[in-house]
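One chain, subunit A, links the two complexes that follow: it is found with subunit B in the first and with subunit C in the second.
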Partner chain A sequence: METTFIPRSLGQPGLLSDVRAFLAVVRREWIIFTRYPSWIIALFIWPLIFPMMYILTARALSGPDGSGLAVFIATTGATDYIGYIIVGTTVWMWQNIVLWDVGFALRNEQMRGTLESNWLTPTWRFSYLLGQTGPQIVTMAMFIGVTALEFGLLFGIRLNGSPWMLGLMMLAAIPAIYGLGFAFASLVITVKEANAFVFLIRGMVMIFCGITFPVAILPAWMQTFAKWLPQTYLIHGMRAAAFAKAGVKELLPDLIPLLSFGAFWLAVGYFTFLWMERRARKSGAIGQY
Partner chain B sequence: MQLTTLSQPSLTTHLRALFVIARKDWKVFWRYPLNALSSVFQPIIWITPVYFMGKAFSTNGQAAGFAAYSGTGDYMSYILLGTVLTNFIMTVFWGMGYALKNDMDSGVLESNWLTPIPRLLILVGRTLTSILTTTITSATMLILAGLLFGFRPTGSTFAAILTAVPMLVGLYGFGFAFAGVVLLMREANTLVDVGSFLVQGFSGTNFPVQSLPYWLIPISLMLPLTYGLDAVRGFLLKTNTLLPIPAEIAILLFSMFVMLWIGAQVFHRVERRVRTLGTLGQH
Partner chain C sequence: MSQFAVEACQLVKKFPARPGTGDKPLEGEPASSQRKRRRLFGKKEPKAMFTAVNGVDLQIQYGEIFGLLGPNGAGKSTTIRMLCTLLEPTSGTAHINGYDIVKQANDVRRSLGTVLAGERSIYWKLTGRENLEYFAALYHIPPAIAKKRVDELIERMELKDRANELVEKYSTGMRQRVAIAKALLARPPILLLDEPTLGLDPQAARNLRELIAQLKQEGHTILLTTHYMEEADQLSDRIGIIDAGKIIALDTPEGLKRRIDRKEIIRLEVSGWQDYIGEKLRAMREVESLVARRQNESDLWEVNLQATDSRVVLPKLMESISQNGTRLVNMNIVKPSLEDVFIHLTGKALRD
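So, the complex of A and B:
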């Protein structure tokens, strides 16, 4: 009689072990993050200097007599061009940071040569990505808080609308922004030329979503394309919530597509990860870079 | 007892080392063709929001407010020229500081350091390929952006290029000092990004520095790059300059020597400190 030998694994997979793996990744990421103190510089300087480049260009375009500013007000309806730009650039920076942090989570492991050995552990592999997200959301919340503080103190920017509505818009954007990050992380590990993809995606946000100008100023075909990007709705909704006193009812035209895109990108992110995982095991190329 | 070394350093060996470093970087650059492509499109992507924002501030395609500061209403030519020069500024920053960080991460910095080549030569070598590729990608970018947004130089290109040379050589001084800081801090991205972003901003790559708030203008005036960008634009676009162009060129030449000397001194001191601490190979 033929007997089959089934090797017993030392790993005991279960919900608890998955949570423990997730927490271990969170802890590791936090240690790495705090190990390089230049993050403090980044936290305080980036929220200020990135929008500043556009704000100072807008200031130059306004002219010494403010003649250009009158044209801008007539075009956009926004009297405060600084606040207008800050909202757009903050959303861009959020997506950009997620692409670099979450999107590079697996690629960095690959470059360090630890991805393959991690892959062999009996853990829930998606926790490698989710674990990156935890510290990232914390640092991003700090980043947005510092942005509000700095521009409030230095430029006197004040919210006309409700901070709760602003928070609601940002919460609604989390699935779309991080879902895109998950999908991106899986693609990058397969294609490997990660930088070019970050530049492509953040470039689309920069060109089409109206970070420094109203989308209405774009040619018709670009406006159509912009409607397929969740960041367009996020920027529009955040500007309405922050400066036009918009409530939930007024924000619904932005919230509904934003949440729909969120569900779509989370699903795409998860299934792309599963596809990549299967492909990596078949091709055996996960450790190559 | 006199120690003899197997190496025979000479001008020829140094040139050979430079060539080898540049060839290695050339191979790596073209190994990732998408990255090469993105370096053409990346600057276009960055200035597209400025193009549309400029439209929101313009009437009938003329930015009258901008013209009052700069002397030209053609803000896109002004910005495109600044973008090309920015590409070179970034190259020197990235080329040295970031290259050191890459070597640290790959674990080859310590072994490179043991070769009988002057350390500054290694740093300069790391910028040779990037300067060549930046020239290629910037020219391509300028052609494409010219087609998309319009680029209308009206002055002397030759004089503008000659003016840019001392500015770029002086930047190596910045780059040396910066590379030293990277050796010490062992983290490059934030330092490179923030450093180059601030320098670009205050030197007026996207806007005339006259439009800055008055309390920021002294910072701009302390940067030699400000005069470099200003003089190049003065030659090529006939814009209003901060000082007469010969005075700006004199500042550039003087600062070139000063920056190179200070940069080399900072780098040597930091490098000595890192070797004393024994942290060169750590990342």
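So, the complex of A and C:
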């Protein structure tokens, strides 16, 4: 009887293999990112342009001699209105970039045609989404660094508080901001077109979280709504850490809700992904573009 | 280990239908009356469904090349997508290398190398080498083995000189070779190749067919979908002809052709063809099937006619054609091909 030699797969499943696969996704994403050189221009221009709109408006409203600033200082307790605005706009831009980058990560792969070939491998599928956050966090850190550098040089903005406390606040915000991005990415695969959702979410952050004004000036119902948005705590905590020399104890009222929202949004992001993955297997949505 | 590399039993896949494309209602009952009855009893009207794959049975032996042949939309790709775990069947079961495609999906993925969507399945902003290194990690190949395997495949696919260039600078044929190298990375026992030569120039397609034959020699089981009959004929040990989601014939290429070897195949090239001529010829008892297809945008038509007795048919054929400006350009009586088998079984051409 003729015997057939059957090749044996070279793949070796295990936790280490899954970690290597995750790191391969991070590396791939980083290489592709650096092959679009326009990111360098964006990195230097955007941190300056977006806050400038608010800073110039504030300068106009406070009067040529800055006499109107007294009212602002009385309301916010912040003497440096430029720093105050920069913190708010930076958080807004962080969430905005995450929605576009992480939120559309799977959709972009789907349109390129590469999502299916990733899906055909035995790798834990959430890695494809999780891996995209690595380079995103690095570029976002660069973005914040450039913001600090540019405003330090051009406007003489100096950090009063501890950079470690500022870093702690941003670290605590990662689960909430990226969890929302994961949930969003899974929905985008399903509905295909989600620009309107990005505009809605970033609009909510802009109005309710006080990116250029204190939440206290909002009507009561809006203040209640703001409490349900993690960005409100992030902006408040970052301002306290950067300019009011707040320590861990003072930051706890912001850190605890931020981490709680983080746990919630990570869970929502993960389960939305599982739901999308199951749904796509039934409908064939992964291969549709 | 399972006896079969690929085994499917009554695989069915239904999708929600786009308006006007759903399955037909039960015989004898118009769709409108079904809707009325549902409204009467206050039930929510179920979604109209379109059946893409309708009860496919397959048993593919280890080491075999199996060709799934059918026109566009016949259900080939949907079948492949179910077998490689991208799609979940609506009903039925399938096993790859002994693993259930739904319950043991990751084991199935480890057993498979799949080429879908060809050149679009790799990253154009990475080099050929970077693509292979990336997918080697996703297939869980340890780094030291992966490095050797990537070098080996780059050499084999004749990509060595340009392995470190971005894929966006490659030709379609080179991209397809990277996609195939990707499928071979983990040296999987079973390969699913969905239209692997689509869009390739004749030389690249010929090279790829040679590679597929070599892979069989190395022990790989290959399930190949194509709508090129010559490709299926040349490569496959057995062929399943699929139409409207069903396998309508399954045999060796020779076995399939034997089914109609008593028939005579008359192939004509005609200018100024008129539909009524076809109707007239079809009405003849000796004519079993007739398919007329316009060649490109010209006035030239290729007419494929299967007859039981060409001696009876030919005089009437000549008489019918030489009327009203219709002119016979070329005529051959040929041996049956797989396309003729397909026409015999379905009454339509493979490329319709």
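The criterion applied here is as follows: the second predicted complex is superposed on the first by the 275 of 289 C-alpha atoms of A that agree within 3 Å, B and C clash if a C-alpha of one lies under 4 Å from a C-alpha of the other, contacts with A are read in each partner's own complex, and residues count from 1 in each chain.
By definition in this document, a contact is a pair of C-beta atoms (placed from the backbone, for glycine too) under 8 Å apart; a residue touches a chain by one contact, two chains touch by 3 or more.
In this text, all values refer to a predicted model and were calculated from it rather than measured experimentally.
Within the superposed three-chain model, A:Gly156 lies out of touch with both subunit B and subunit C [touch as defined at top].
Of the two partner chains, subunit B is the only one touched by A:Phe50; subunit C is not.
In the superposed pair of complexes, A:Thr121 makes contact with subunit C only, with no contact to subunit B.
Of the two partner chains, subunit C is the only one that A:Gly14 touches; subunit B does not reach it.
Of the two partner chains, subunit B is the only one that A:Phe72 touches; subunit C does not reach it. Common to the subunit B and subunit C contact sets on subunit A are residues 36.
Note for the complex: subunit A touches subunit C at residues 4-14, 17-18, 20-21, 23-24, 27-28, 31-32, 35-36, 112-114, 116-123, 281-284, 286-287. Against subunit A, the residues of subunit B that register as touching in their complex are 32, 34-35, 37-38, 41-42, 45-46, 48-50, 52-59, 63-70, 75, 79, 105, 185-187, 190-191, 193-194, 197-198, 200-201, 206-208, 211-212. Subunit C makes touch with subunit A in their complex at residues 15-16, 61-63, 78, 81, 84-88, 106-107, 109-112, 114, 116-117, 120-126, 130, 133-135, 137-143, 145, 149, 166, 179, 182, 185-189, 218-221.
Per the touch definition, subunit A reaches subunit B in the complex via residues 36-39, 41-42, 45-46, 49-50, 52-54, 56-69, 71-72, 75-76, 111, 193, 195-197, 199-200, 203, 206-207, 210-214, 217-218.
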